[in-house]
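To keep things clear, I will list the structure first and then write my remarks on it.
We call the chains A, B, C and D, going by the order they appear; numbering starts again at 1 in every chain.
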Amino acid sequence: MSTPFRMHRARVETLVDGVFAIAMTILVLEVKVPDLVDQRSAEELLLALWHHGYVIAAYFFSFAMLAVFWVWHHRLAEKVRDIDLPLLVCIVVFLALVCFFPFAAALLGRYPLNLTALLVYVPLLGLIIFVQTMFYAIAIRRKLIDESVSTEAMLLAHQRNLRGCAIFMVASVPTLLRLDPFVALGGAVMGGLIFWRAKRLVCLRDKRINDTPTSSK
Amino acid sequence: MSTPFRMHRARVETLVDGVFAIAMTILVLEVKVPDLVDQRSAEELLLALWHHGYVIAAYFFSFAMLAVFWVWHHRLAEKVRDIDLPLLVCIVVFLALVCFFPFAAALLGRYPLNLTALLVYVPLLGLIIFVQTMFYAIAIRRKLIDESVSTEAMLLAHQRNLRGCAIFMVASVPTLLRLDPFVALGGAVMGGLIFWRAKRLVCLRDKRINDTPTSSK
Amino acid sequence: MSTPFRMHRARVETLVDGVFAIAMTILVLEVKVPDLVDQRSAEELLLALWHHGYVIAAYFFSFAMLAVFWVWHHRLAEKVRDIDLPLLVCIVVFLALVCFFPFAAALLGRYPLNLTALLVYVPLLGLIIFVQTMFYAIAIRRKLIDESVSTEAMLLAHQRNLRGCAIFMVASVPTLLRLDPFVALGGAVMGGLIFWRAKRLVCLRDKRINDTPTSSK
Amino acid sequence: MSTPFRMHRARVETLVDGVFAIAMTILVLEVKVPDLVDQRSAEELLLALWHHGYVIAAYFFSFAMLAVFWVWHHRLAEKVRDIDLPLLVCIVVFLALVCFFPFAAALLGRYPLNLTALLVYVPLLGLIIFVQTMFYAIAIRRKLIDESVSTEAMLLAHQRNLRGCAIFMVASVPTLLRLDPFVALGGAVMGGLIFWRAKRLVCLRDKRINDTPTSSK
């Protein structure tokens, strides 16, 4: 308790890179080699792969999603100076969700038309986006953003995160609609609220810059 | 024999990070995609996932445990200057146990009510905690702690490790009780002993600080 | 939009190394332990492994291919100063294909005489080679090559990439011939075109060197 | 051809660390969760794990072997200044064999009494040891040893490698004896030859040191 908890960012990032590399590679384990009756029949294998088509497409889509998350996390994390306990918890939850992603992708790849599979995949995406936004919001609140990052750049990144959350909320409305109209309405309203919050942040930023014109110079 | 065995800490830590990243990701492989009779039935998949519930909960719990061990190891290892042979053996045993953890987690996830599964999981946790404490105790004894770490911080970390061992011992008493009352009693007594040892360390530390008041200045 | 997208090369390379390490190791998961009737029969296991022979050979060949791609990527990437968005997309596509490689290798290992398996493996190799060449061509066009690399070395590397593409095209003609003579002809023609393009690059390079003889001094 | 092939050691080592971390972790995938008839029966699970005992022991043994190889490789590689093409080929072959190790370990763990399983495991160990020794011998011959390493330390390490080869040869005689007496004799003779070569190296070293007494000062 006497010494505050701090961790070097570089060390945490090594683990993050490792986990992402493995989660990406594990995705392919779901693409199984089909069993054939006639081993030399090109048509049969082609047909089997064709039935696998959705799984293969899901692999490439999930890979792209993980890559986007990785780039996004990297660009947020490089703005942070030090990792303290709440940020570390955020990162661990983020990694736990990322590692869980291959399972959700496999579920959706196997049962593309099943609502439950969709209701695992979409909220998981939402949670990952939410934890990322939280991570950065906490870093701002605890003043752990690197000094080299200007207040403007800091708020811009936060605003982009919020906008990402809002876009995800709106995009998930069709899925939620299949579940229940009221839940879908709730999602749409929350997306709107986050959009409005992101907008207000811009005004706040503009005001702050106008208030303290010397700090930006 | 002429040159003493030494290894750069950074190199060893890369392997540790890699092993932890993979052990964490491998946990999810136990969460299997269930087989459905009706591929489009949302209820059937929901029910199947519900039966998987324990496995999924075990995944997140085990992930958190591994994250705690990783942070703990990192915070101990950053205090160590150099890795010599006994420390390396400690780290390898630690990694072997960490890699074995996904199996124990899978066992407990599949058979949550089975005593044997619990008796693999709990002692494994204990062994990992014990090897960590050993690692640091050996580092202190062999004077491999970095000079930048004060004697007080060094002893504080050791005391925390011992307290962690003691807490684990006491926490595992209910499990041991299911096995045999005498074993549980032994565990409780050992927990008490380690607590007492940790307490004595504080006195020792206070005394040492009082004896050498110049070194801390 | 105000700040251009840039990423540190070191960070991207950590992910690349991680993905390659895992893709290489995952290859071996396809080599399954055979089931025996008589567990102690050395002959039966030998026979089972003999039938596995093709899978084992495919493992070592695929491992060598991945190693070649890794070395090749490394030698291209070390010439690049910074990673911007198009280059990042190239790398992600490259990694997605590399991670997909173990599946293609497993497919070919299991059905060595099946045309479809060959028609997954060979185009995948081709795509990987093509994306690598693209990566470097984009880096040249966007002027992201490190200043320490001379124009001559830069063009030489690009020419080698093109020559690699051309050789692959010509080498895949026998496979394409099994599919359709016209496709094979197309492949051969394209191989020739790329060869010619690589050759023209040499002339261009020689001309450029003659034009600016002071820069090379 | 104009520029000689060189690679930074650090980059290659990242891949080596990654491959070792994964090969070590993949070992545990062979330890399968047993299927139980009565899910709550502690005795049944204990019995099932007891039958798995050999697999679990093989896991820890193989983990220790891989750790030894990793430390050994690290201690050789840190003496090498640069990685050129022949050394890189050595490392790739080394990694391919290391990645193949989990399969051999799984084979031996499943069929401990089967001669063929032993005849896959033991020669694989031998090949790994041999490739390591080759790696260092090539580095010495191509003068790629770091200048900070004294000639004496360089030869001492080579001698240790050779002695390791010889010890392995002699230790594998019982296994070879089960195959054929003449093969075992050949192994024993080769072990002796390598021992003699290692011994001659000491004389050579002593002579070289006596000849050039100024360089060691």
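Methods note: contacts are C-beta pairs under 8 Å (C-beta built on N, C-alpha and C of every residue); 3 or more make two chains touch, one makes a residue touch a chain.
Quick caveat, the model's predicted, so the values are computed rather than measured.
Among the remaining chains, the Cα-based centre furthest from that of chain D is the centre of A. Homomeric contact chain A/chain B is classed as different-residue, with under half of its interface positions used by both copies.
Taking each chain's centre as the average of its CA atoms, chain A and chain D sit 41 Å apart. In this assembly, the C-alpha centroid of chain A lies 29 Å from the C-alpha centroid of chain C.
Among the residues of chain A, those touching two or more other chains are numbered 14, 17-18, 21-22, 29. The residues of chain B lying in touch with chain A in their complex are 13-14, 17-18, 20-22, 24-25, 27-29, 31, 33, 36, 39-43, 45-46, 49, 59-60, 63-64, 67, 70-71, 74-75, 78, 153, 156. Chain contact summary for the complex, chain D toward chain C: residues 2-3, 7-8, 11, 14-15, 17-19, 21-23, 26, 29-30, 88, 92, 95-96, 99-100, 102-103, 106-107, 110-111, 113-117, 119-120.
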